[in-house]
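Every chain is named by a letter (A, B and C) in the order it is written, and numbering of its residues begins at 1.
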C-alpha cells in the first residue's frame, strides 16, 4: 500500500517535472529570441511575410494563451509543425524515435551487464591489480568525451581493422523497414531475416560502445563503492560468523542491497546519456531523434526543438518511474515504508 | 553514499584502534602519498592551467593561432617541427591546442563562478530553513535535473546564436543543480548538530548560521565537487562546439578542432585525435585530482 | 573439573593502521567451560570485540593479523586447523549473538530466508540432509523458543517490520539454530531501551541455562555481569588485568583498574558520589611500556615499567599487578 503511495508520489513528481520542463522550453523558444517568426523566415523576409507567419503560429496572442495553446497541443500529442521538414513534428519524431530508443536501450543493457559485474569484481579484489585496472578503465570511460570515443572507434574498428560499419543502421542498398517495433534487431528477427539481425547488431555495436562508456564507468564505480560499503555492514559480518559461503555472501547478501545505488545512478545519468546520444548519433549518422534534433537546432526550427526536448524529458521521466518500480522490487524498505 | 575510498582507515572493527598520537596532518599526508593518481592529476591540472595562462610563451607558433593560412604547410603529419602536425590551413595543431586550453578554462571559470555561488546559496537555504523553502527549491532542482544538460544547452545556444558567451550561459543555466543537491544534503545533516544548535541558542542571526557556521563546513565538499566539475564543464563545452553550437572558428577551441579535423579522417587523424586527446587529458587530470582530494578530505558522498 | 571448551592462550592481535602496526590484543588468555557463563568486561575500545571476532574467526585480514597465541576449542587449536574444518564450526558448534539488532540483519531479505540459509549451509557442512520445509520448521521452532509471537508471520517478515526487541530475539534465534555448544554474545541488547534489554538478557539467561551452554559475553555493564556471569575477565587496553569468580572479584577487586571500574558504578543506596577514571585509553601504536594502565593508575611506581606478573589473589582469582606481588619477592 505504501509502495503504491510512493509510486503515486513519484508519478505526481514526474508530471510536475514535465510541466516545469514545458514552461522552461516554452520560455526559451518563444520568449527569449524575440520573434520566432523572424528567426524562422530569416532576415530577408518581408514584414508582411513575418506578420502572416506570426498569425499562423499564434504569436499575435498574449503569451499565457500561447503557452496554454502549446500545452493543449502537447496534451493532445500535437507538437506543431516543423519548419525544416514542413511536416508535423510528431511524424518526424515518430520516424526517428525508434532508432534512438534502440540505441539507448542497447546502451542501458550493456551498461548494466558490464558495469555491475565489473563493480562486483573490483570490490571483491579491493586495492588489488584487478580493482585498480578496472577502476582506471572506468575512469577513462567517464572522462572520454562521447564524440571523441566515437571518432576513435570509427578510426579503429571502421578504418584500420575494417571489421565494422561506421554509419547508419543498415548497409546501403538494403531496404528493410522496421515497421513492427521500430527496433531493427527485433524486427529483423520477427520477419525471420536473421542475416539482417546480424547486420543490425553490427551497425548497433560501435554507437552503443561510444554511448555506454561513460555510463558503464559510473555504474561500475558506484557498484564497487556500494559493495564495499555493504561489505562493512554488521549483517555481512554476521553472515561470515555463521559460515555462509563467500559466494552466497557476495552474490546474494551483498549484491542485492548494493543494487539500489547503481539503479539510482542510472536514472540520474539517463539525462546525460540522452545528451550524449546527440553527439554519438551525429558521428555515426544514426538516423535517430537526436540527430534530427541537432539538424533542427542548427536551422532554428523551434517547434521541432521544443518537441525533441519535451520527448527527451518524457523519456527521462518514464525511465525514472520504471527505475522506481525496480528499486521497490529490489529493496523491501522502499516497498514497505514508501521512502528510500 | 560512499564512493571510491582509497586509503581510508581500516574500518572493520572501528573501536579497535583509537590512534591518539597519529595526527590529522599525518593521516592526510598518508592518504595522499598512498594515492599517486591524485599527484598525477595535480600535475596534469597544473600543466593545463600553465598552458592557459602562459600560452603566448609556451606555444611554438603563437602567430598561427587563428587567422593564419599557409597552404604549403597544410596537413603535415606530426614531426619535430610540428609535434601534433598541422591542420587544413597549415596551422600548428599544438599551438592551437595550447590556446584551446585558454578557452576551456575560461569556460570553466565563468560557468563555475556563476553556478557555484547560486547553487550553494540555494542548497544552504533549502537545507537549513526546510519547510516550503525546501520544497520549492528542491522541486525546482528536481525539474532541472530531469533536463539533459547538453540538450538544454543546445536549445539555448540555438536560440541565442552560437558563440562562447552564450555557451557559458547555456551551460550555467543547469549547472547549479548539482551543487544545490550536494549542499542541501550536507546542510541537512549539519543543522541537527550541536554547534548549530548552540549558535541558535546564543541567538546568532540566520545570516551568521548560514555563512559562518554551515558554509565553512561545506568548503571541502564544494572544492572537491568544483574540481570534478571543471572536467565535466570542459567536456560539455567541447561537445557543444563539436556540434557547431559553441565557440566559432577561427577561435582555437578543442571541440571545434575535433569536428573540423574529423573531415580528414582517417588518413590525417592527428587533426582531430590530438585535440581530442588534449580534452581527454584535461578532464582526466581534474577527475584524478578531485578523487584524490575527496579521499584526503574524506567527503565520500561527493560525486 | 572438566577441561575448558574454549581455551584462549596468549593471544596477540596486530592491526595495520596508517602504515604502522598497533598491538590491539597483547597476550590474552581466557577459558570457558561447558555450562559456565563468563563475562569479558572493559571500556569501549579495550579489545573486547576484537577478542570475540578472533575467536569466531571473522577478523578482517588485513588490517588485522594474529601475531601469537592459540585458540583452543574442544581440544583443537582453531588457528592451526585447516580452514574448512574451522569454517565447519562457525554458526554450528560455536555461534554468536550480535550486538545491534538494527544493523545485524540484512534489510532486503526476509527473516525466514536469512535464518533458513544459515541452516542450509550448516547442514551442507555437517552432511545433514534436510529439505526446505524441514528448514522452515526448524526456524519456526527456534523463533518460538525465543518467545517470538506468531513465528509463522515473522518468518515472512522483513527486518524493518519488526521492533528492536523483536529483531534482537531474531539475532538470538539465529545463534541457536544449529544447537551450538559455545555461545558468544556481543553486548546483547545495549542498543535497546533498558526494559527491553532486561527482557532480552533474562531470555538469554534462560536459554543458555536450559541448554547448559558455555557462554562468553562481553559488556561494559557491571550490573549485567553480576546478574548473568559466574566468572569475569577484566580487560584493559588489550590485556586481561584481572579475572576471577564474579562474587570474589566484586568483593575483592585486586587490580587498580577493576577497583576504579567498580567505583564508577553509581550505587542506589547511600550518597556516594559518582567517580570516573582519569585519562583515556592509551594509544595502541605506541603503548605505555610495562603495565598498560600505568599512566592512569593512582598507585603507579617504578616497578610498573616492567610487565606485571599474574598474581593469584584467591581461589581462581588472578590479578596482573605489581601491588599484589608478595612483599619478599618485590625486593
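The criterion applied here is as follows: contacts are C-beta pairs under 8 Å (C-beta built on N, C-alpha and C of every residue); 3 or more make two chains touch, one makes a residue touch a chain.
All figures in this text were calculated on a predicted structure; none of them were measured in a lab.
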Using the contact definition from the top, classify how the chains connect: line, ring, star, complete or other.
complete
Any idea whether B-C or A-B has more C-beta pairs in contact?
A-B
If you average the CA atoms of chain B and of chain C, how many Å lie between those two points?
50
Between chain A and chain B, what distance separates the C-alpha centroids? Give it in angstrom.
23
Per-residue overlap in chain B, given as positions that touch at least 2 other chains
12
Quick one: which residues in chain C touch 2 or more of the other chains?
53
Multi-chain contacts in chain A, i.e. residues touching at least two other chains, fall at none
Chain C-touching residues of chain A, taken from the complex the two chains share
233-235, 237-245, 248, 252-253, 256-257, 330-333, 336-337
Going by the contact rule at the top, pick out the chain A residues touching chain B in the complex.
13, 16-17, 20-21, 24-25, 28-29, 32-33, 39, 127, 135, 139-140, 142-148, 151-152, 154-155, 158-160, 221-222, 224-226, 228-229, 232, 261, 268, 271-276, 278-279, 282-283, 293-294, 297-298, 300, 302, 305, 308-309, 312-313, 316-317, 320
Considering the complex alone, what residue numbers of chain C touch chain B?
15-20, 22, 24, 44-45, 47, 49-50, 53, 59-60, 62-64, 280-286
Spell out the part of chain B that touches chain A in their complex, as residue ranges.
1-6, 11-12, 139-140, 142-152, 154-156, 158-160, 231, 235-236, 238-239, 242-245, 255, 258-259, 262, 265-266, 269, 272-273, 276, 279-280, 283-284, 287-288, 291
Flag every residue of chain B that touches chain C in the complex, lowest number first.
9-10, 12-13, 15-22, 26-27, 30
